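These notes concern the structure reproduced below.
Note that the chains take the letters A, B, C and D in the order they are written out, and that residue 1 is the start of every chain.
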Amino acid sequence: MVARASPSLSVELNGLKLKNPIIAASGTFGYGLEYAPLGDLGKLGGMVTKGLSMWEEKGNPPPRICETPAGMLNSIGLENIGMENFISQKLPQLIQYDTAIIVNIWGREIDDYIKAAERLDGVNGVAALEVNISCPNIKKGGITFGTDPSVTFELVQAVRGKTSLPLLVKLTPNVTDITLIARSAEDAGANALSLINTLLGMEIDVSTRRPSLANITGGLSGPAIRPVALRMVYQTAKKVNIPIVGVGGISSVADVIKFMLAGASAVQIGTANFFDPTICWRLVNELEEYLRNENISDVNQLVGALREE
Amino acid sequence: MVARASPSLSVELNGLKLKNPIIAASGTFGYGLEYAPLGDLGKLGGMVTKGLSMWEEKGNPPPRICETPAGMLNSIGLENIGMENFISQKLPQLIQYDTAIIVNIWGREIDDYIKAAERLDGVNGVAALEVNISCPNIKKGGITFGTDPSVTFELVQAVRGKTSLPLLVKLTPNVTDITLIARSAEDAGANALSLINTLLGMEIDVSTRRPSLANITGGLSGPAIRPVALRMVYQTAKKVNIPIVGVGGISSVADVIKFMLAGASAVQIGTANFFDPTICWRLVNELEEYLRNENISDVNQLVGALREE
Amino acid sequence: MEKRIYHLSLPLRKQNSIAPGYWLLSLKSAQIASVATPGQFVMLKIGKSFDPLLPRPMSIHSIIKEDNHRLGFTILYKVVGKGTRLLAEKRSGESLAIVGPLGTGFNLNHIASGYEPIVVGGGIGIAPLLFLAHELVEKGQTPTVFLGANSQEELLALDEFESLRLTPKVSTEDGSKGVKGMVTDLLASYLDDSKGSQGEIFACGPAPMLKKVASLAKSYGLKSQLSLEQRMACGLGACLGCVVKIRNKNSGHSYQRVCTEGPVFNGEDIIW
Amino acid sequence: MEKRIYHLSLPLRKQNSIAPGYWLLSLKSAQIASVATPGQFVMLKIGKSFDPLLPRPMSIHSIIKEDNHRLGFTILYKVVGKGTRLLAEKRSGESLAIVGPLGTGFNLNHIASGYEPIVVGGGIGIAPLLFLAHELVEKGQTPTVFLGANSQEELLALDEFESLRLTPKVSTEDGSKGVKGMVTDLLASYLDDSKGSQGEIFACGPAPMLKKVASLAKSYGLKSQLSLEQRMACGLGACLGCVVKIRNKNSGHSYQRVCTEGPVFNGEDIIW
């Protein structure tokens, strides 16, 4: 037998090139630098920053997190250092690493998103934007942008008009039919879709009779939600023609493969970074090993390759 | 100190009296008799039958279940022995036990629900109906009844007109805003609401590259979904004036108390029966013990007693 | 007869590795041991964690007796995944939550003299067959036993069968012991040689083996009782998760529960 | 200086119960031991299961040395819930995934002669204080040590402090050893007697105790460094889950991360 060539791990998300499909998820990898002592960020396919707003955001009072069965709840309240601080303090260090830096943006009004997109448009080192539409829209009475197809369309279209950067739109799972929202985002010009964000959940401390989180409810993430995320990726991949980035509970190379078989072109690792902080690096290696063992020359051959007959 | 009187465990769900708030959930306790070798059914607050249709239903091909982190997926396909077989073969044995027998009904069209309600109306030993509206409506192109407020209203109203039995309506969590569906059911005359049914999920077997379930997707249940169920109970309790039965991942007396603090008047135990088949009985005892230790004379004092200030 | 099913927390009495990746576990429970019949199983919850969540079905491998009193039972298992890996880490004294005995085992009611039971086990499929062989011997039968495995190492419990004065015919896929090949080849040539046998086949093993056994039984006009596997949640007949497709008396098919109507089904009824 | 943080799978070297519900665990890691400073902690993932999911923060209790080489470290912990219960079941040879050393420990840079460190520990709060006392003694200081617990049994590591030639003043709530009462009462009367001390207080313990320490420090015009706790997910400063409310230099407040800016904060900055 001849020695096998190294399998190709690179993927292309409709304008965003990644050296491999392993991306660290927003809010779970800080501004990237927090994980730099643990591995070479340049080995990762990409990393998404903590969600940034045009202003410094203090976030919610503690307690902000709590553990649940095979998962966790968080209500960080989108604390972030603000766009300008990110650009001046974090980005210069980050761009030393040869990885795709994806900036996650959010706002309380469509205008906040527009400003963020405009601000980042020409900035050196930003590979793509990820638009988090799981935030409450204060103009529409607090309803989450991403739960309404037409609001989603309006928001994504507005951002699309302000940037030439590849646009990932990150969908919330707290909807009746995620494929409708997905198609709105596609129609409005998204390059790719990230799904899913957290499921809305709650925990109570019986001994104090209080909610475990100061904010009462929070976002559920981790292995517990993986079956829901996988289902949504599968359903959405059948309905859109743009690439999907799978996220939700991924914590092993088998999970990565599942999401790709279901139709994801790349994946994001969130909560698993907390309980296994070198996982992103390990997944890159294990994915390559898997492809080699299975004699698959290109990782893209996994995408949507679920057997259904 | 004087000896404390036994705390009162009985609850009343707007017409349905239960000796205690512990109910075995539909589809996880068979027709009740399967668990009779393990404990006295007469000790339980109630039990809900497997979902019954007017016809015998074969269900989905196997594999029908698979394990997920802190949860499981099922796509039983609503297999059941049919209403007539239930009434003639199971009910006569069941009514020997002094517990509330709640019959879970479902159909593919509103008419199926109407027939089931009519058939059960005068039947001796049936304490209440639980209407499972998480089924696809074939007349409306396969959309789930319970994801649309007006379809929910129509369905519940139709059933309401055909029975004098207390009506529990069981809601699906796979919706953007469960409180809207809840209010439709309330407006249409439901006595109480059971929430939640399973979250739609999926799992893939990487070694075969096939979905783990023959039906591809299935319902996620177990501790993994508890934070979502608790949040929905909490949100809904603030919006409706009828009692709520909490269900989803409950597997300890602490969990029972959490759901009651969040606003549930009773709870159902589902998946926990599988990994801890005498749990329902233990919960009745442990709940009584808790009330005694906390010097609470009536279990109803827990309902909605969350501290939020 | 009323069904007796127990839900017990049983201390692990003993657990030994009997071959790489195979473990033999002893549990003390006179209650379960005294009502169990061959082919029945227990559901075993490994630890209190929610991960893994569900209990695992395991056949009763043998009954532990002292002075003819049934004191407990053993389980023979193979490490294949998360649950069995964790189980193998358990040590004497730790407790396991057990539900059992469960299921409909092998039907031995019609066994009479002049009848030849043929017992066929493949791999870990021999687990329930030792208990079966014991019971057959107690009923005055001398079953013909066929055991197959990948290699000599994985031919489990051979000496246990021999101490019943049975002489299993063995095959291994690598030829390290007995005939090289599949146990069903052994069975086929045996049936070929002993045409007109009054036998009935009792078998447990991987699905392809059982399918082959069913078709051999059919060709030679023998009855067969096959012990099937399916993923399980409750083990009690409640969840309807563990079904297999079974031919109906009249026509068509129905789904039957491996945990209740099975795990042992008549070979001719199974739709593969 | 670049931060060095390791993610290692470390075999458990030794684990002993030193009082009912309290365990002392030894881990070998020259890497972590050689860069750790007092007040720092590690994140410890207990088993591979998803339940419990998150690693648990544990202070470095002491450094294991041989011939002045730092070989490893110990952790002193109390069983309070699911994770610590599982941890206590681990035996020598089993591995734990450890991330560390983490956080900003006690600041000892300004320590000079004529300065009196006052060390105050309550309950399991003594965990990081032994390492601190060692370091202070190495720097030529003789800290005044106050230790409080519920009862004599729970007065942990007393002999360890004594072998540093320190004589902790102790209090127990049930009076079974030392003065009956709270350790903060002891501290208060000490401060009262030694007015004008040039001291700085280093404390760890339950929140109400720390709050009291902060207010005593303020009344007596002393600085205090308090080690706080908060639920954590990453331990690395990435999740923003572990914040506490800290007074800003100018005005108002900000949320700061216990895992990064802390766990040790200046008493006067904390908004309780």
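Side notes on the structure shown:
Here is the rule we use: a residue touches a chain if its C-beta (ideal position, glycine included) is under 8 Å from a C-beta of that chain, and two chains touch if they have at least 3 such contacts.
The model shown is predicted, which means the values in this text are computed figures rather than measured ones.
On a Cα centroid basis, the chain most remote from chain D in this structure is C. A comparison of the A-D and B-D interfaces places the larger number of contacting C-beta pairs at A-D. Centre-to-centre, using mean CA coordinates, chain A is 34 Å away from chain B. Between chain B and chain D the centroid-to-centroid distance comes to 47 Å (mean Cα coordinates, whole Å). If each chain is reduced to the centroid of its CA atoms, chain C and chain D end up 55 Å from each other. Shown for chain C are the residues in touch with two or more other chains, namely 50-51. Counting partners per residue, chain A has 69-71, 222-224 as the residues that reach two or more other chains.
Arrangement of the chains shown, judged by which pairs touch: all-to-all, with no pair of chains left without contact. Across the complex, chain B meets chain D through its residues 69-70, 223.
Across the complex, chain D meets chain B through its residues 50-51. Across the complex, chain B meets chain C through its residues 27-30, 34-35, 37-38, 50, 58-59, 61-67, 69-72, 74, 76, 79, 222-224, 251, 271, 273-278.
By the touch criterion given at the top, residues 68-71, 73, 147, 174-177, 199-204, 206, 208-211, 216-217, 220, 222-228, 230-231, 234, 249, 254, 257-258, 261-262, 305-308 of chain A touch chain B in their complex.
Against chain A, in their complex, chain D makes its touches with residues 2-5, 7, 45, 50-55, 97, 99, 230-234, 236-245, 254-255.
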